[in-house]
Structure formats: structure tokens, C-alpha cells
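First chain A sits with chain B, and in the next complex the same chain sits with chain C.
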Partner chain A sequence: MSGLTKFKKMIICFLICSNCLLLSGCWDRVELNDLALVTGLGIDKKGKNTMLTVQLVVPKQLGGGMAMGGSNTKGGGATIIRTGTGAVMADAIRDLQEKIPRRLFWGHVKAVVFSEKVAKEGIRPYIDFLSRNPQMRLRSNMFICKGSAKNVLELSPPIEQSSAEVMRELSELQFLFRVTVKDALQMLAGSTQTAAIPLVQILPAQKGMSDLQTIAFIQRTAIFKKDRMIGSVNDKMSRGLLWIRNEVEQANITVSLKGAKGTITAAIIKMHTKLIPEYKNGKWKMIVKITSEDDVISNATNLSLYNKKHIHLAQKALADETANRIYAALHKVQKMKADVVGFGEAFHRKYPRQWNQVKDRWEDIFPNVEVTIKAKVNFRRPGMNTIPQGIPPEEVKK
Partner chain B sequence: MRFFKKSRNGVTGNHQNGTTRNNEQELYIAQQNAQPYVLSFNLEENIETLQSVYENCVDVVFRSFQVAGTTNAVLVYIDGLVNVEELDLVVLPSLMRPLSSITDFDIHQLLSQTLTVSKVSKTQLMSECIESISSGKAVLLINRYNHAFSLGVGKWEKRSIDEPVGEAGIKGPREGFIESLGTNLALVRRKVKSPNLKTKAIKIGTYTQTEVVVCYIEGLAHPALIQEVEERLHRIKIDGILDVGYIEELIEDNPYSPFPQMLNTERPDVVAASLLEGRFAILQDGTPFALVAPISFYSLLQSHEDYYERSLISTVIRWVRYLFLLISLFLPSLYVALLTFHQEMVPTTLLLTMAASRELIPFPALVEALMMEVVFEALREAGVRLPKQAGAAVSIVGALVIGQAAVQAGIVSAPMIMVVSLTGIASFTVPRYATGIAIRMLRFPMILLAGSLGLLGVMLGLLLILIHMATLRSFGVPYLSPMAPMQGQDMKDVLVRAPLWKLNTRPQLPGIDNLTRQGSDQKPSPENKDQ
Partner chain C sequence: MIEKGKISAMQMALMMYPAIIATAILLVPAITAHHAGQDMWLSPIWASFSGFLAVYITLRLHHYYPQKTAIEYSEQIAGKFFGKIIGFVFLFFYLHADGIVVREYGEFIVGNFLMRTPPIFVMGTMVFICALAVRGGVEVIGRLAEMIVPVVTLVILIFVILLIPDMDATNMLPIMEKGIIPSIKGAVTPQSWFSEFFLMAFFLPYLANGENGKKWGIISVLAVFLTLFIINITVLFVLGGITANFVYPVMSAVRYISIADFLEHLEAFVMAVWVGGTFLKITVFYYVVALGTAQWLNLPDYRMLVFPLGFLLLVFSEWIAPSLMELSHLLATTVPFYLSSIQIVLPLILLLIAKFRNRNRMKDGQK
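Take a look at the complex of A and B:
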């Protein structure tokens, strides 16, 4: 008898427990077939309204599980775009959802693209929304584009699956700036409230291909001050900025040497930048110390790199060239009064008291910061050849 | 022995309660004990009793003859269980040869001079006679003498020693147990020759009277442990046992657990190794399987070959096994959880591939997974049960219909087929079949949990399983030991398989002090060859 009661008790206990699970009322189970996977998000302005463009992946055109299908090689039609408009982003999303039979899924957004117009008006409301939404990834890459963001997302690239994926891959290469939503948020909330975000532009389509069969590539860097874009710098300048920010991953530098014809090109293997701020008698000074390790990837001079003297010469020339590039980039941003190189942060760290006095007028001080660049280049490997190739050995200067 | 104790109780019980007993088993015992159980001096009477016991048994042979040409005697045996040739050529001629001096016919003389059989025992009890006859002995009854001799001339058809089917291996001994207890014991004895190897026999089963032997090594196995197992065996009241599976179910610690708490093996070397670790083994007549206990979960994940292969390789293989154990338990549930709850956790390209393959599938992932897992179980079961000729048909149909046609027809997605087949293969990497089945069985609730609560459900299931395993005991040994409770010393044979020259101590089983297994400093190297 008692055994039966125990059994009954157990059943009742189990029923109560399983009911508790249902009490919360939320069940976020969604079948994959009911999701519209968003890979790219574009933000435009349409009059006063916000226009959102989403790039969706259409899974059935990808091929995959359709053994019967056969015609999977449809010209890059794997993605489609839809737009929605609304007073604010949330409204636009609602408008968008009305036109899409599946639930929008934001977990796989690769690229968030703002049009230049939106960027100039201020991106704060948008990135606030992006950072608040639990589905949205803070690690999606962020871009500014010339023209409309819709046009950028509309492209169907010949190589990658979607134009968003192209932009992500391009910024992964880190030739130029690579900024995620999280980075942007941090930069805008930092001491100097400035940000640098890559600017993309549509590459003209190859001859014979339709206008859409192309990609958007990162060409310039948009400079932001207090969530508004104030201008942009070109790719060379951008790289100069990356040097100061210690973010260079890949770069080639070509120099010509005094007393020799031709050029030497070196690729950076490893580099390190150190900002040494100095504050003396009301003067703000910054020493930028750069050390880099390079490989020689091309030597079109007649100098043999077996000779120590020649190596020193080349290293010196490379260091000077690096410094020159950085100076140029720095002058540009100093003119823009936008401290995207992190000087403010460095001063803030070393001289917090003095910084606090000037932090409100830092944009006026920044252009006048005296910058000294100390660049040092070390050759590590001369490549597969030590002597210049393609000329008779007699002409090589040893 | 047990049987007789019970018989006597039966007799008294019968007298006391009369016809109120309706239990069939008790009735049988009562009937049996209605016979006088002490042999009488009258041969006729004894034979009559035996004939009434063996009424309607055509295979029981009563052979009457005269011992030394003077005294009447009867030899009773069961045809097919004894070596008739030996009876004809050795026993009967020697008994029937006339004695030189007929006058002082002495039973002891008979024994010592004429009975040319090595295994002879004397009894006064009728019940013991019956037992001897049933277990393949020839019983000799002599007139005017109230003792019977049971002659060990038993010989019956048995399988030859074969490679164990369920525990094949590349290295190591190839012999496996067979259905004969005597042979099996001999196989173990040939591995462990010390007289400390003890074998205690118990008869279980009212009808089957199956002989069950507990083996252990004195000095290594704790006496309390042996006492405990004997007590548990004595507690069994059943009409018959046909396999050690019966015993396992009747003496295990937690009958509701999906996990086996004893190790089933058909390898004498596994039994010998376990005995050497201070465990005991239960062998039973009529089955090629032996039970080994106490064990922990990790012993179920170890294969005999781990110790025959070199340690580095064994360690790697062991880790592969651990990995696939996890896969066989979690892969389908993780797949379902990721697909229906955590789409953001899957890399985009992988998700797109899965989405594309699932696009036309009419079922939710949960249903798909359950369906395929059930089908896999059906295929496995059919494969085990079917005769060899039909087996090929099943595998072809299984591979074609389930594998390809289902995907082509768009009923099941290709990744799901992969998940299910990988899980199936993974579950077979567990060296013990019973453990593999336990894991496979637990997969279903895991899938349901994953399909209803996502990763949270998977974690919930994992915790429940772990809690259950932590509470399990196998004859007092915690199931998860030496991991929980932690026994650092024994880790050398769990996470890795340390080299043999490092395995200096036995596993710590409760109550064992004599842990040293071998001398230390046995690491081989060219330097200490002359030591």
C-alpha cells in the first residue's frame, strides 16, 4: 500500500515539476525552416524616415540537400534584399517583417552598412538599437558607404555568396580598418569621442557583366566625431593611421635608395607602435615609436643585400618612408581636428589631471600636438634570393 | 547446501500446513521430499523410489547386474550425460569380475580394488542420488548396503573452445568461455595457477539446479565482499536460471538504473585480470558469460586490449573511446538544440548548408531526429536477431532506403543521416555492449530535452545522468570512482593507461590493504639489465 502511495507521489511530483517548466510561458523554439537569415543590414534615409535594407539568404537556392535539383548553378542568386521604412529603426523592422514570410533572424549579420547621408546625420540611434537587440551580434562588421546602402547590399558578387560576406572578408584581411559594432561603440564612448570606420564603394562591374555582378570594396576611412561623420581619408592615409594605432597587419612599403636605381619593397611581418606622451610647460608632445620587422619581397636595385651597409641603407630608407606616411596621415586628421589615433587616450592615461582640464577642448589642442616619429625597421629575411636577380653578377654591387 | 535446507523445511512445512499450500514450487519440493530421503538397505526399495521419481523419463537408464557375480546392484544414469563407453569398457567389467574370496565381500574393498573410476563419492541420501543422476553422474546402488556411489563419468556434448564472438580483439588470447562450467573454470585456473584462487559453488534454481561458482583470489578480494555476494546469491529464489543475466538482475545494487553494475565477459583473461585486481567473478554452468564485480563505470569503458597494446597507443585509443562516448550520448541532442534554439551558435556557412538541406524537410528537427534514431535502433535490433542469410538484405535495405532514398525523397535531411549514423557508430566504440545500449537508450530522453529546452535541456539531462551515476554503487564501490570520489592513485588507469611498469598498485577497492601489485623500478632500460 505504501509502495503505491510512493509511486503516486512520484507521479504527482513529476507532473508538478513539468508544469513548472510551462509556467514561464516562453518557448523560444524556432525551426530553422521558419527563419529568414539576415546576412547584411543597410541603413538609409528616405526623406525623414529610416529605410532598412536586409540581405536575406534563400537557402533553397544554395544547393545543398537537393540531390534531385540539378540546376544549382544559378548566377549568384543566393541572396535577396527587402526594404522597409519607418520613422525609427524599430518601425522599419516591423515594416520589413510584414514583407517577409519568415521570422527575421539577426544572429548572423555580417555587415552593417550605413549610408554616408545617415552617417553625416549621426549614427547613435542606430547603433544603440543594434547594441540593445539581444539577437544582434556586436561582432558584425560596420561600414559606411557612398551612396545608398541598399545599392551595396543589392550586389551579387561573383566570388562570395553575398556582398555582405565580401565586405566581411575584405575587412578580415585588415589591409585597412576593421571595425565591428562593438569597436565603434567603444570608440564613440572613449575619451575623445571619435571613430574611424571603413568606407566602402562599389567597384565598377567588369565589362560584359551586369551592373550588379560586382562588389563593394573598402577604399577610404570615414572619420567620425561625436557619432557624426566629418570626412574621410584615403587608403594610404588610412594605413598611416593604422600604424599609429598599432593595427597594421599587412603592409608593403616601397622605397628607392640614394645612389641606386630601382626600388626595394618590404613586407611587414611584425610591428609594434608605442605612444609616449609628454606634457611639459603646457605643451603637449607625443613620441611615436615604431619598430617593425620586415621581409624583403622585391629588390629591383643592383645592391646586394649580403652587404651590411646596403641593408642599413635600405632599413633607414624604409623607416623614413614609414615616418613620412604617418606624418601625412596625422596632418590630415589634425586638420580635421579628429583624434582617431588615440593620442587623447594616451595622455588621459599618463596625465589624468591635466587631461581633465583640457578634455572639453581637446579637439582644439589635438591639431597642435607636437609629434615626433621614431621609426625603426629590421630586415629579417631577404627572401629566397640574396642577390638581385635578372642582372649579370658583375653588375651587382657587393 | 541450500537445496537440502529448503527441502527439509518443505517437508515440515507440508506436514504443518497440509493442503493450504497452493504454491507450485513448494508443492514440487513437498512431493520430492515425500520420498524417504535416507537410502534403505533394500535395493528393490531404493530402485522403486528412484523409478517413481524418474517416471516417464525415457532417458534414464537402470542397469541391473551382479557385483562380483554375487550381490545385486543397479547402475542408474541418464543417457547422453554420461560416458557410456567408459561404463561399458571400464566400470562394468571391473565390477562384474568375480572376486577371489567371495566370502568376505567388503564394500571398502570394492571401492579400493575394483572400482576404476577416479571421481567417486558416497552418499546416504536419496535426494543427493537424484541430484547426482541429474547432473550427469552414474549412481551405483548395491543390495544390502544403504550407501550409494556416484561415479563421475559424466560427459556430454559441448562446443569447442572458440574465439569470443562479442569481445573480439586483435591482440590477446583468442579463447573464450563455453557453455560448460568445468571447462570455464579450467580456463581461469590455467591463467591463475595459485592455490589462492578459490572457487565456491552454489546451486541456484529449483528446477534447473544450475551450478554457480564464485571465483576470487584469497588475500586480494575482501572476505566481506565474498560473504556479501554469497548472501545475495543465497537470497535468489527462482525456478531456474539460464544465463548469468538472471543472476545479474537478481543481485545488482540498483535494479532501475540503465547502467550495468556488473561486467559481462566471455573472456577468461578479463576474468583473470579482474580477479587479480581483487574483484570476484561469477561463473555459471550453461552460459559462456561470466559476471565480474565490483566495477566502476570506467572499467566498462576499458577493453582487454588496452593492456595488451603498448601504453601510449592504449591511452590514445582510450581517449578516442571517451570522445565517442560523449558523441553517442550528445550529438543528436546537440544537433537538435542548435538547430531549433541556438541558430546563432552555428557558424554561418554551416548553418546555411544545414538550412539548405532542411529547406524541403516536412518535419521539425526533433521529430526527424527521433524518427531516425528509432529507425537506427530497429536496424540494429534486426541485424542482431536475423539469421545470417537475411542479415545482408536488412543492411542493404537499411543503407539504401534509410540512407539514400529518404534523403532523395526529401523526408530526412542529409546532415541528420550523418548525425544518426555517427552516433550509431560511436555507441559501438564502447567495448561493453550493455554499456553501449545504456548510452543509446539515454539518447532518447536527451533528444526530447534538447528539443523542448535547448541547450538548457541538454545540460539538465547531463546533470541528471551524472547525479544518478554518482549515487550508483556496484557492491559498495562508487560507480564513478576513481573520478568521484577522487582517488589520485587510480587515475593512472583512467585518464591514461600508464605503462605496466608504473601500474604498481591495484585499484583501491573498499577494505583492501594489500595494494602492491608489483615491484617498483621496473622501467626497462639498457642500464639496469645486469641488476
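Take a look at the complex of A and C:
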């Protein structure tokens, strides 16, 4: 009897141990050294075909490598570029995979770059692929680029590890638009079906450096209607749009005051925009209410900002300047008939019934929306200086 | 009595919580969003009525037959023959429903993480572990719930907090653009999940402190309601109008988390904890089927039924639907009525008959 229990125990022991064999993983077991981590994805058109460019991380070997110098000057060597072509994106990926010994892993894509040509033909097929793939992240930042997306990803920037990382960092600074795949999906599916996506351009390389040792920076904003790019606006205009969208993180405004030489520059610490839609007798009106808190970062006038009068004067001038910038940007997009500032959504929220009647022809109504901008600027701190520096005290207007 | 273990009312509440939540955060938010749009946060409010109703019916029935589970008292209420038929309906239903749960689990794991692994393997290993837990009896399941549920709740809370920077509250406007109807339509599927509170009918007889059953039952419904409410509102705030476009909106939202560039890619963590919740859900259903079958067949023990039923469970999970699209369609159309007709309407009929019988009996007693 005891022999049997011993036998039983042995069987149980054996079964438990054999379980460990299964622990090594199942069909999806992938070792890190079998993966090719994609950090950047570029989409180009090559004739009728789609050309896909991926930026892959090269796992650095400890020691060695870098010390070789010489051969490394052409680039950091942290990333490599591969391209694949195919009728559609999935084909291009297959073509790409043929040239890479490791399995492509899409979980770390930081930047997705579309060439302007692709953007003008429509990004929907690509963006569907991006959001359908379970490895891809909705967090990846989206960019449009002038010229070919391949050229943008090819760059090996002097500071960051890869050009994709550079673009991501730049857009996280939020000087200009920051758009993730999720944001783009939301904008394109939203009530106005328009989108604004940052447009990057290659910065000319520093003298003495190779052409590739530079970065691509966000310079303009591409405006999309449905899924097609219809134009772009410059950085100043883009910031104007950001004001209305309540997305300004950093901005400086410079004004000159009446009756004083020189300029005053203020930096925004905090801002808030409120859209107040109004619908009366078939007329669409929008009041844009902006309040911001600023610090003075430069005062080249001879006015002391410890005087309430001068403060009011400067605040008023700054508010007017802000409003002017916004008007200019707004006129531009109104001319393009592209509501990327969220007026449609604001009307939809407040006047759902009226909105549903006109939503199909919003394109034609948007350019005629009467806009009033009410900007208010409050100074908080004067920086480190009390009165303007660098001039004799008697010339300062107290 | 077949089951000799005793659990506390709190343990029962903790078992019920993942038994509703675990799958209610997978495909259901997308279905709700599809119907309710930006009003999807209202839907859990309407849906929770179903939960309170189920708890009420269960408690009333328990009041009439305190020592008996649903299988046993349906025989007493409807007579030997019809009682057996009703019992069979319950058992078949819970086996089938558990099959759906196992399938949802398998689809989720295979669709998101283990793409090349055969689903039958993913589901099979899970059912095997659940079988072991079921063989352990009600006390073991109760203690497992005590262990796992606090962690699950905590993780859900943490991911909601981490998503706060990405939330946009204007996504919920305009509230009730098309009236109240869309949000009620959106509540149809979640309400059937709430009807699963009828599962309590199988645990109430084993409570050590039966008098607290009512209190903890209601607390459990409230907890589920709050969780679904918070999850729906989080998903809505993060994804807005495109919520319905994702198969697993909660998963898509969690994957979106990124705090300071290093606290990201958290889905594996959430996943691991979520598997714990699903394990409890499958186990609770599985236990009910095993125990109920033994009672239905008047067997002295249910343990020898566990593995054969597990095999049936796997087969059912394969049969449910040929593809994820069909499964989702099933959950959006048939399942709400299927679940609530068996877990609310049928018990309600039983309750009415029981009331009638007891009144007669009382009258007889008075004579």
C-alpha cells in the first residue's frame, strides 16, 4: 500500500516538474533578440505603390563600437532605415519583413510620418491600419512632412537617439500642434471632419556636418478636410489656432506701446479659452473669451512696470495683439473652409437641434461665422528686474 | 447538503463583484457607446435597476426556502416534473453563459496578446485552473475572492487616475442630445450583466451570517454600478466620439496611458490582474453549474462532475460563435434578452408561484 502512495507521489512530482516545461511560453514566445523595434514609421508614395520606411533601433553593444570613431561620424548609428514597397500598407510591411532578419515589433512607434503627397491623396487607409493593429499605439505622434518621409527618418540627429524621438520631443513641447493617432482619429470622425496635423521640415545641416546630421522640426500645420490635406498654415497662424483650441502651452508676445520707444515681451504662464456660441435668427456668432496670465520677460521701453497705468497700457496692447493674431489665423482657415478650431463642436454642444440641420453644409456656414474675440491679459510677475535696466534711472518713466 | 462549507456575506459580495465586472469591461462598453454615444455614462444607472431587481427576487425566494439553492426550490415550487425542467434550464443556461465568458476571455487574450497561440489552449488552461478551484469548494472560492478582488479594484482605480491628464470632459456634451432613449438602449446589454446577480441564489444557503446577505448583496450591486459608471465615463472622456470604433475601448484607453514618458505600456500589468478577475467569474459560474448538476441528479457529491463539465464548457465556448464579430453581435442582440429572461423573468415567475403557494399554506395552517 505504501508503495502505491510512493508511486503516486512520484507521478505527482513528475507532473509538477513537467509543468515547468510549459512555463517557457507558448506559440507566442518571442525573445527580445528576435525582435526589431520600430521607432519611426514613414509612409510615402512610389508611383501607385505605397513605400514604407521604418526606423529600427540598433541594439548597442556595450563598450567597443563607439570608440571606433572615424566611421561613426556620419551618424550616431543608433538607428537604421529600411524600406518596403507594396500595393497597400500590409504588402509593404511584408516586403519590408523580407529584408529584416528579426520580426518587426510595432509597440514602440513614436512617430508616424506621412509625406505631403500621401496626405493629399488621403490618409484613411493608413490610419485604419495603424489603429487596427494590436501592437500599434494610439499614442504615437503623427506628422506630415514636406518631401519624402524616408528623408525625414533617415536623419541622425546630433542630440537625441533618433529622428523619430526628436519629432516626438518637439511635439511634446507643445509650441505648435501635438497630435497623436487617437487625436487624429477623433478629429476626422468628429462633427466637422477636419483635422490639423503638424507639418515637419528638414532643418539645413550645420556647416561642416554631414547632410544627415540634422533634425526635422515642426514648422507649419497641415489642414485636413475629410482625410485629405488641403493646405497648410505657418507657425504664427498655427499658434493663433492653438489659442482658440485652448492648447497653448508656451508663447511669447511682443508689443510696442504708443508713446514709447522699444517693445515689451511677455511669456504666457497660463491661459484659458472659452468658446461661447450664439445662434440668433439664423445667424451663427461666436465669442472667443481668452484670459491669460503672463510674466514680463523683456522690457526695452523706458516705462516702469511698477506703475499701474503702464501695466494697464501694456496689458491692453498685449490683449489686442493676441486678438489680432487670432483673427488673422481664423481668417485663413475660414477661407480654407476648414473648421479646425472646434467651432462646429461648440455649436453642436449648445445648439444640438439647430446644428443637426446644418451639419452637412457647415463647410459653407463656417466662413461666415461672426467672431468676436475678447482677450484679457494679466501680468503676474516682472521677472528679475524692477525698472528697465541699462538706462540711467532718470530716463525711466515712473 | 452537498456543500458543507460556509462563507461570509462579505465573501459572497466579493465573489459577485468580479462575476459581473470581469467581462463587462471588455466588449460591453463598445456596445453601450454604439447605442448611447456621449450618453454612455448614463447607461449603467438604468442598467443597475436590473441588478437590484435580481437581488430582490433572489432574497425573497431565499426567504421562502432558506436552506435551498435555486435548483432545489424550483422543484418544490413547480412540482417534481416542471421543477426538474426549470432546473435543467438553469443549469444549461449557466453552462452556456460560462461558455460565453470563457470565449470572451480567450478572444481577448488571443486578440491582444497571444496572437499565434491556439485559443483552445488559452481557454483550456484557464478552465483547468478554474476546475481545481471549483473542486476546492465554496470556501476556497470565497477566500480567493478576498485575495483577488481588492487588487482588481485597486488596479482599475489606478488606471483611471493615470488617465486623468488625457481626459476631456467636453466629450460628454451635449447631454441627452436625442433624449433619454439612446442611453436606455445602451443599457440593454449591461443590464443583462447585472441580472447575473441571480447567481446569489446558489450562495445564500451557505452563508454563515445569512442575516447580512441582503446588506452585502446591495453593496455588491452598488459597487458594480459605481465601477461601470467610472469606467464608462473614463473611456468616454479619453476616447470621446470614437469609443464605439474600438473592440475593447477600455484596453485602448489603458494603452494610451503615458505619464512623463516612462510610465507607459501598462497593459500587461492591467491584463495580469484582469485575468485574476475573469478567473473568479468563470469559477463562480462553473461552481454553480457543478453544484446545481449534483443537486439536480441527487448525487452525494459534485466533485466528480467538475472535470467532465469543464470539458463541456470548453466545447460550448467553441460553439458559441464562429468569430469575434459574431460574438459581439450576439452580445449586443440576443444575449441581453436571453440573460435577463432566465435570470429575472423565470425567477420572478417562481417567486409569484411561491408566494401563492405559501399564502395557501398559511391559510391551510390557519384552518
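Here, the second predicted complex is superposed on the first by the 356 of 398 C-alpha atoms of A that agree within 3 Å, B and C clash if a C-alpha of one lies under 4 Å from a C-alpha of the other, contacts with A are read in each partner's own complex, and residues count from 1 in each chain.
Here is the rule we go by: contacts are C-beta pairs under 8 Å (C-beta built on N, C-alpha and C of every residue); 3 or more make two chains touch, one makes a residue touch a chain.
As the structure is a computational prediction, the values presented were derived from the model and not from experiment.
K.L.:
Could you tell me if A:L37 is touching chain B, chain C, both of them or neither one (first, second, both, neither)?
P.N.:
A:L37 contacts chain B only, not chain C.
K.L.:
With the two structures laid over each other on chain A, which partner does A:R137 touch: chain B (first), chain C (second), both, or neither?
P.N.:
both
K.L.:
By the touch definition at the top of the document, which applies to A:P59: first (chain B), second (chain C), both, or neither?
P.N.:
Only chain B is touched by A:P59; chain C is not.
K.L.:
Determine, under the contact definition given at the top, whether A:K182 touches first (chain B), second (chain C), both, or neither.
P.N.:
second
K.L.:
Is A:H348 touching the first partner chain B, the second partner chain C, both, or neither of them?
P.N.:
second
K.L.:
In the superposed arrangement, does A:G107 touch chain B (first), chain C (second), both or neither?
P.N.:
Touch partners of A:G107: chain B and chain C.
K.L.:
Name the chain, either chain B or chain C, that contacts more residues of chain A.
P.N.:
Result: the larger residue contact count on chain A belongs to B.
K.L.:
Is A:D28 contacted by the first partner chain B, the second partner chain C, both or neither?
P.N.:
Touch partners of A:D28: chain B and chain C.
K.L.:
Looking at the overlay, does A:G190 come into contact with chain B only (first), chain C only (second), both, or neither?
P.N.:
A:G190 sits against chain C, while chain B stays out of touch.
K.L.:
Which positions of chain A sit in both the chain B and the chain C interface?
P.N.:
Of chain A, residues 28, 107, 137 contact chain B in one complex and chain C in the other.
K.L.:
Which residues of chain B touch chain A in their complex?
P.N.:
Touching chain A: residues 339-341, 343-344, 348-349, 351-361, 364-365, 407-408, 410, 413-414, 451-454 of chain B.
K.L.:
Give the list of chain A residues in touch with chain B in this complex.
P.N.:
Contact set of chain A toward chain B: 21, 28-33, 35, 37, 39, 57, 59-60, 62-68, 105, 107-108, 110, 135, 137, 161.
K.L.:
Please name which positions on chain A make contact with chain C in the complex.
P.N.:
Going by the criterion above, the answer is residues 26-28, 107, 131, 134, 137-139, 172, 180, 182, 185-186, 189-190, 345, 348-350, 352.
K.L.:
Quick one: which bits of chain C touch chain A in the complex? Just the residue numbers, please.
P.N.:
Chain C residues touching chain A: 111-118, 121, 170, 173-174, 177, 239-242, 245-246, 252, 255-256, 258, 261, 264-265.
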